[in-house]
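Down below are the structures I want you to see.
There are two complexes below, and they share chain A, which is joined by chain B in the first and by chain C in the second.
After this line comes the complex of A and B, so read on.
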């Protein structure tokens, strides 16, 4: 057999086996089943839900911390004003006492 | 170029704002104190606190109005276990920064009975008050108050009748 015959033999058209179509269709129908068999955490929908949940948790945490900071700052303002007012009143009371004494 | 000018202006404004805070060094007293109160609020934290003050509560609404235009609130109070833990020199060091032309002592009272001294200073700014400083001392307590920004002393003193503080009648005649 010369080279031409060898090539012709190698490249000649071959018909697929009779069950070829059935096998391909079987594989195609199995594909979704295989996808469903992937771990739940690697599914795109799960990833989206997880990302959204993480974002919501982060936002809620930030809001909660901001609220805590605000409440703490508010108590500090009230405490500071309480102390300032008390000291101012002490000074006023003493001035009033001195004025009262000097008038009587 | 414009951005640089803005940045410089902002920096200058920030510098001016911080320059209004009285520079007191509390380290010596803090080291000896048995108990202390430290309130230091400025900028965003003070604005945040204002947002959390209620308009419905009478006392909080008053405080909200009072602190609305302030730039800073600094209060330090030190309590000591026994008298003599601080010296007159310590108090003098707190008076020193208030000797500038901006500051004016409006009240200075001392009681030999209970050893209490209260000094009230205001910072004159334009037509109004641009700040308040109080140095109050008792044998076992020293309190320093510095309020930066326009403060209404009348309203502040009226808070004395609320928040659990007994009100003191003040002669309004000037």
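After this line comes the complex of A and C, so read on.
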């Protein structure tokens, strides 16, 4: 006895029930109807729209965050310049007072 | 007789085969893989129908009859293994006593064939699929590896282990038979 041959014989192809093809074709003909009856959130088009919306939101969020960071840096630079200007102003006033005293 | 309205799909570029012809051509192969892996006729028929339904949805992406054959073998094997895993998590009532499907051609000892099918059905899931693809579909280890997306070495070692196990169990259950 050869196990390979016996396995080939035991595992040979078998036919399904005689109405198998008809049942497959019936299910296939019903498939588009079932697809149309799917809930809106599970339809491929809805998924695409959701994915596009999520991508757009993400892009808009990234742009907005970058804009916010730019504005913040700008206001910090302006504040620093303002502080520096005030200090320079004070120093200039002191120099002017000392000059005025020494002249009089 | 009711005429079924089959939704239009682009025919296979190479052969121009229509869907009904493809079903008739491959139903024995698809059903037999399911039946030999699952050992449950009702579940095997249901799964085979699901595979063909999926084939209909993917028909536009398949380019040749060889591509269809490869696709069917891969999808059928993987889905049968999925069902097997789900069933092992949630055991069902065994249908061992259900009548066996009609064989294409009856050869060999029927009792030995039945014993072998039961022993194959008792193999670990991956080994079972490998044995079915090897002996039902007459595929070599490289082709089985492509279908199951596993290394060729794994296929060879699992096949050797499965055959050794089958030899041992068969000689134990049939007594004096020399393999």
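Quick notes on this one:
Going forward, the second predicted complex is superposed on the first by the 75 of 104 C-alpha atoms of A that agree within 3 Å, B and C clash if a C-alpha of one lies under 4 Å from a C-alpha of the other, contacts with A are read in each partner's own complex, and residues count from 1 in each chain.
Criterion: a contact is a pair of C-beta atoms (placed from the backbone, for glycine too) under 8 Å apart; a residue touches a chain by one contact, two chains touch by 3 or more.
What you see is a predicted model; the values in this text were computed from it and never measured.
By the touch criterion stated above, A:73 is placed in contact with chain B alone, chain C being left untouched. In the superposition on chain A, A:83 contacts chain B only, with no contact to chain C. With both structures placed on the common chain, the touch criterion links A:31 to chain C but leaves chain B unconnected. Legend: residue contacts after superposition of the two complexes on their common chain; A:23 is shown touching chain C, with no touch to chain B.
Using the contact criterion defined above for the overlaid structures, shared-chain residue A:3 touches chain C, although it does not reach chain B. By the document's definition of touching, neither partner reaches A:62: not chain B, not chain C. When the two structures are aligned on the shared chain, A:14 is found in touch with chain C, with no touch to chain B. On chain A, the positions that touch chain C within their shared complex are 1, 3-17, 20-21, 23-29, 31-32. Put simply, chain A touches chain B in their complex at residues 66, 69-71, 73-74, 76-96, 98-99. Interface of chain B with chain A (complex): residues 37, 39, 41, 45-46, 48-53, 60, 63, 66-67, 73-75, 77, 107, 109, 111, 116, 118-120, 132, 134, 136, 143, 145, 147, 153, 156-157, 159-160, 163-171.
Residues 4-7, 19-20, 23-24, 27-29, 31-32, 35-36, 44-45, 48-49, 52-53, 56-57, 100-105, 107-109, 112-114, 116-117, 120, 131-132, 134-136, 138, 163, 166-167, 170, 177-179 of chain C are the ones touching chain A in the complex.
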